[in-house]
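By written order: A, B, C, D and E. Residues from 1 in each chain.
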Amino acid sequence: METLFIQIKTLLVNAAALVLPPWGVTLSSMIISALAILGLGPLIMMYLTLMERKVLARMQNRIGPNRAGPWGLLQPLADGIKMLTKEDIRPSAADPLLYFLAPILIAVPALMVFAVIPFGKGMTAADLNVGVLYFVALSSTTTLVIFMASWGSRNKYSVLGGMRSVSQMISYEVTLVISVVPILMAAGSLSTQTIVESQSGRWYAATPWGLLSCMIFFICGLAECNRSPFDLPEAESEIVAGYHTEYSGMRFALFYMAEFMNVFSICALTVTLFLGGWQGPLLPSWLWFLIKTYLLIFIVFWFRGTLPRLRADHLMGLAWKFLLPLAVMNIPAAAMSHFLSEPFSTAVPLAILMVSVAVLSFFNKGYAAEKRVYHFTD
Amino acid sequence: MKNKTDTPLTEDFDTQTLQINVGPQHPATHGVFRMDLTLDGETVVRLKPVMGYLHRNHEQIAENMTYAASMPYTDRLDYFNSMSNNFGYALAVEKLAGIEVPERADYIRVILAELTRIVNHISVIGFLLNDLGAFFTPLTYAFREREKILDLFEEIAGSRMMCNYFRFGGVKRDLPPGLLERIRTMMDVFPRFLDEFEALLTDNDILCLRCQNVGVLGRELALNAGLSGPMLRASGLGYDIRKVDRYSIYGRFDFKVPVGSKGDVYDRYYVRVLEMRESLKILDQALRQIPSSGDIISRKAAPFLKAPRNFKPPVGEAYGRVESPKGELGFYVVSDGSPQPWRYHVRAPSLINLTVLEDLCIGHKLADAMVILGSIDIVLGEVDH
Amino acid sequence: MRTEEIRDHLQSLDSSLRLRIVLESLLVENPEDLARAVRALKSSPRLKIDFLSSVTAADYLDFLETVYHFYSVELRIGPVVLRARTRRDDPKIPSLCGLFRSAELQEREAYDMFGIRFEGHPDLRRLFMWDNFEGWPLRKDYVQEDSDVLESQDLAWLEKNSIHVSQELKTRALDLQARGLRADAQRPAAEGPANSGAP
Amino acid sequence: MLELIAVKGIYILMVFAAAAAFASSLLPNLFHGALALAAVLLAVAGLYLSLGAEFLAMVQILVYVGAVMTLVIYAVMLTGRLEETVTPSGRIQRAAAGVSCAIFFVLVCGVLLSTNWPAAPGGNPLPSVKDLGIDLMKRHVFPFEVLGILLFAVLIGALAAARREKS
Amino acid sequence: MIFGAGILKGMLVTLRSFVNSYFKKPDQGGLFTVEYPEKRLVAKERFRNFPFLVYDEKPEDPRCVACDICAKECPPKCITIVRDADAEGRPLKKPALFDIDLSVCMNCGICEEACPFDAIFMDHEFEIAGTERHQSLLYHKEDLLKSNGYFRQIRPSDAALIDARRKEAEDKKKAALKPAAPPEKKE
């Protein structure tokens, strides 16, 4: 069971080897893993939408979709067909180039990130030795594309949504990158494969600084793909649907797919970097990876079901005034635990982090909730 | 934390203000209500409410029909609490025609009015959280409790939302057998739900961040602008018509009136939660004191049940007002002796509470303007009557 | 406090006010000094009126009337009712927006329904009806236009927006125009009661 | 065979970069021009990749396409005159531009052809990210630190400018 | 308390209801959805949808005597009644035409209250769909007529009350007739 998918791939490659010349073989193995990702991506997206609707429904004492297929399993298919058959309305004033390119260019990086994610032992599509940097670079290109979408559709609401999403992405990308630095220091390499292997002894999330950077990475990842408390760019109650207000039909489906694949890749990377990737007893490696990732995805939907939305300036304040300094302080803490001898290696980082959290919450007193007292008259 | 930006951010380079139309078809405007918003970046600079999309001239309809025939139309004023609309109209005409209401009918009326208050307040909090972005979870919890109460209304009056149950001098029919016990059991479970609801919301930091010091309303402006209900009480004025006029039999129940301190969105939210707890107290006392028998419509008004058209109140005018969950709901009825009212005017609390919408929203962000509108709790059926 | 005491109290505060008691309410004879009466109400120590609950207009066939219900939240004093009357053809009443912000929307509603021009109102526009709507819906002599029957100017508008109109509707519209009639659905309101009936 | 495709690939990439560069200067709409510039930068990142410098390619995408282009777009937004931005260029200006471009092209080609580029010492593996990091910290630590301080100063300058605007 | 405490408390509430929805019974926080077409909610007795006319034995003679009270009392005026006339044109106590425009009716129940002859009651049947907005929602006498048995089935306690009252009124009427009859027998 462990190397199920690897055997399948070697089988296919040997089959290709009989027919094709040597260069054709390497080409075909590349194409096979590419096709695997192309098949996996949309499949994951379809069943994430169903999972989200089921999880949210169950949190709200509802049953969730159960009409299309048993337990609603064919619901994503039904949504897909609906998206395909829905009339593709284009605003007449839309800028043809931008409006047309945006949905494509948002789905491309979302899919490309899958190449770097280690689904199991030896199951990384492209084991670049700049894995994490590859992910960060791609996730920064989406800013440009969202701008194209919001400006291209010539609609006031989408421009507002575009402005909000760009400012949100920039501020959270910085924190995202800095929160990964302690892990790179500990693992000593950028490649996701080696990071997972280096966690075989102890998961990074087990160490104090590792746990903190895991939380910061997860929160910034949520903000990166505009989910739950940070879904300001597509706030239904304020700006209708933000940058994808004017899209319908298959174009909207591309935006929708890109969003869900970003959620999957953020959760997958959190698992890879902090929760030991496919490390785990007994079960095959790729199964462990999927279990951990889907647990994190449940937390994302759990956030969506509970928390109200942050306002634009709170969002910025939280990123620049709280998360970024905390991530920066985390780096020396991680260094301390790396170089100091045993008794101090946990005490000193803990002390640094405690002090920084205290100082930062003192400076951010304004965000704390006021206790209110209500009196009664008759 | 200072929420209002007093100095315009962009003195030196002149940015264009962005003028957008929020509504009439918009997810967060509680019905067909349009706000003509001018934004400087995200900050609201000017806000002109535009109404009338749901205007059907309820007053002209009432003037062309008999008194009893316009009772079902009052259900459609504020379709979230039809019982308290009926209550207001029935009270006004009873004052006009000088009809006494028997004991048991009064108790039934108070019980139903307080049940609608609970229904209205949880729905408002549910919708407010929807505007804040909590994706329908608080709303579905609120609607789960609302369903239980609406089922009771369906059993009593025949319809969940359009009850048309009150008549001049009492109520249409007596309560079905065993209903008081069902109200009692529902009522015992409700505080547990309210605690769970509060646990989900009251200390939620993001809710506090988004609601505290947002849309602060001073006492003088609230009073001068004629606000009433939770809006007025959240700003610190404990003025509740049930306590002031002691209409119907509200004098017999002892309950408190919660009063806020700052008058911002958070206070309006929490005053409504406390008001629900007070309504539970009233319900508890009313269920204990209700006489088990007794006629449910005054002998003088009973014949008009069968023949509404020969109900001709004496010439004169009357202004009956009731503490509806939205505020002071007043009915001004002028009779000229004929079976049709000469003048019929509804004092709609939602409409008058909107006077201060612009004062509250200026200086805040666009996201806050939606939340402030949600906290004012308007229903377009009543605003446009 | 009974209406008579309120009247004497007000007249003691502002002697030039001429008030008449009508059905437990005070009719301000000359609408011009309505604002002065309300200012007196506001400033009187015994009444401390601080809450204008409702502004209503009504049509009594030979005059239009506005009725104001005042309350004192501080002293919890019941409704103090003021009335003001103006003639029908060019109704004018001073606006109370300066004293009470709550009159803002309600006066706009009265203007929209009865055509009473409130002088001094910051932004007197129609509240419910669309701006270029002619006619005052709640007046007793208002004739409702029948929406099913088309009129000639409707035809022109429909043609301009290239909306197909059945031939039968066109002929009826043209013949209506030929007979110089308007498409009115209701019978003109039955004659109101003799003046004695109205208060 | 794969190497053959790779080489042809590079040429195609270069042509695409040149075309995008032309587009970015000639397109009437400013926003389209900015996007064409982003395309050029991506093409350059592709070139780095084809030469095996993965780290450089990723940093190029991250820094240029992610941050600098967003800044350019913000600047384009604030100019406001997005649509009718065809600057009225008379015949003389266009001729002068052509000539200066030609001269510049000739100069660059001259420099390119005359210098003998030190061929990369074949055989040993390309420097990995780890070696790059060690070099930065060992041999080039001084410029690295000076750059750090410079960027820090720039950051504070930008904050001060924004701060003054608000107050 | 630190920033996240309130949020965590809220998260626990949603998690508990997520878990409850699998394990708890409907009224203790579990799922209480009634899946409509398959399972249905029992309509409450006093539920009122559009009105219907009641006949005792034969649909030809309904209880309605075309007195037009309900048409006058109906607020939105959606009932039109034309009295039947026999061969010579003398009016009969039966409606020839009894139309209710369901697109106008707001099921307020005032016609049921105002009818002195217990002829019109509010129905429980709400799955009424028309293919076209005007004609298919204009119900004529034939569509409105339903038997007293149906009335007793959907509204048992009200029907019992009314039948008792009607029988008692009938007995009184028969009693009133009978004393006039026996004297003749005696002589």
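One rule holds for everything that comes next: a residue touches a chain if its C-beta (ideal position, glycine included) is under 8 Å from a C-beta of that chain, and two chains touch if they have at least 3 such contacts.
Computed from a predicted structure; not experimentally measured.
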* Counting one step per pair of touching chains, how few steps separate subunit A from subunit C? -> 2
* By number of C-beta pairs in contact, which chain pair leads? -> A-B
* Asked: When you take the mean of every protein CA atom shown, which chain's own CA mean is nearest to it?
  -> B
* Asked: For subunit C and subunit D, what's the span in angstrom between their mean Cα positions?
  -> 71
* Go ahead and note the Å separation of the Cα centroids belonging to subunit D and subunit E. => 78
* Structure fact -> Rounded to the nearest Å, the gap separating the Cα centres of subunit C and subunit E is 41
* To do: Mind checking the centre-to-centre distance between subunit A and subunit E? Centres are C-alpha means, answer in whole Å.
  => 56
* Asked: Of all residues in subunit E, which are in touch with two or more distinct other chains?
  -> 3, 6-7, 10, 13-14, 17, 32
* Multi-chain contact sites of subunit B, meaning residues that touch two or more partners -> 137, 141, 144, 200, 203-208
* Would you mind listing the residues of subunit A that make contact with two or more other chains? => 59-62, 305-307, 367-369
* Which subunit A residues qualify as touching subunit D in the complex? -> 21, 23-24, 26-27, 95, 97-98, 101, 128-130, 133-134, 136-138, 140-141, 143-144, 147-148, 151, 166, 170, 173, 188-190
* List of subunit B residues in touch with subunit C within their complex -> 51-52, 55, 57, 59-60, 63, 221, 223-228, 237, 239, 244-245, 315-317, 319, 321, 328, 330, 332, 334, 336-338, 342-343, 345, 347, 351-352, 354-356, 384
* Asked: Which bits of subunit E are touching subunit B when the two form their complex?
  -> 1, 3-7, 9-10, 12-14, 17, 32, 44-48, 69, 72-75, 106-110, 113-114, 116, 122
* Structure fact -> Residue set of subunit B touching subunit A in the complex reads 1, 18, 20, 26-28, 42, 129-137, 140-141, 144, 200, 203-210, 212, 238, 243, 254-262, 266-267, 270-271, 274, 365-368, 370
* To do: Spell out the part of subunit B that touches subunit E in their complex, as residue ranges.
  => 65-66, 68-70, 72-73, 137, 141, 144, 151, 154-159, 162, 164, 172-173, 176, 196, 199-208, 305-309
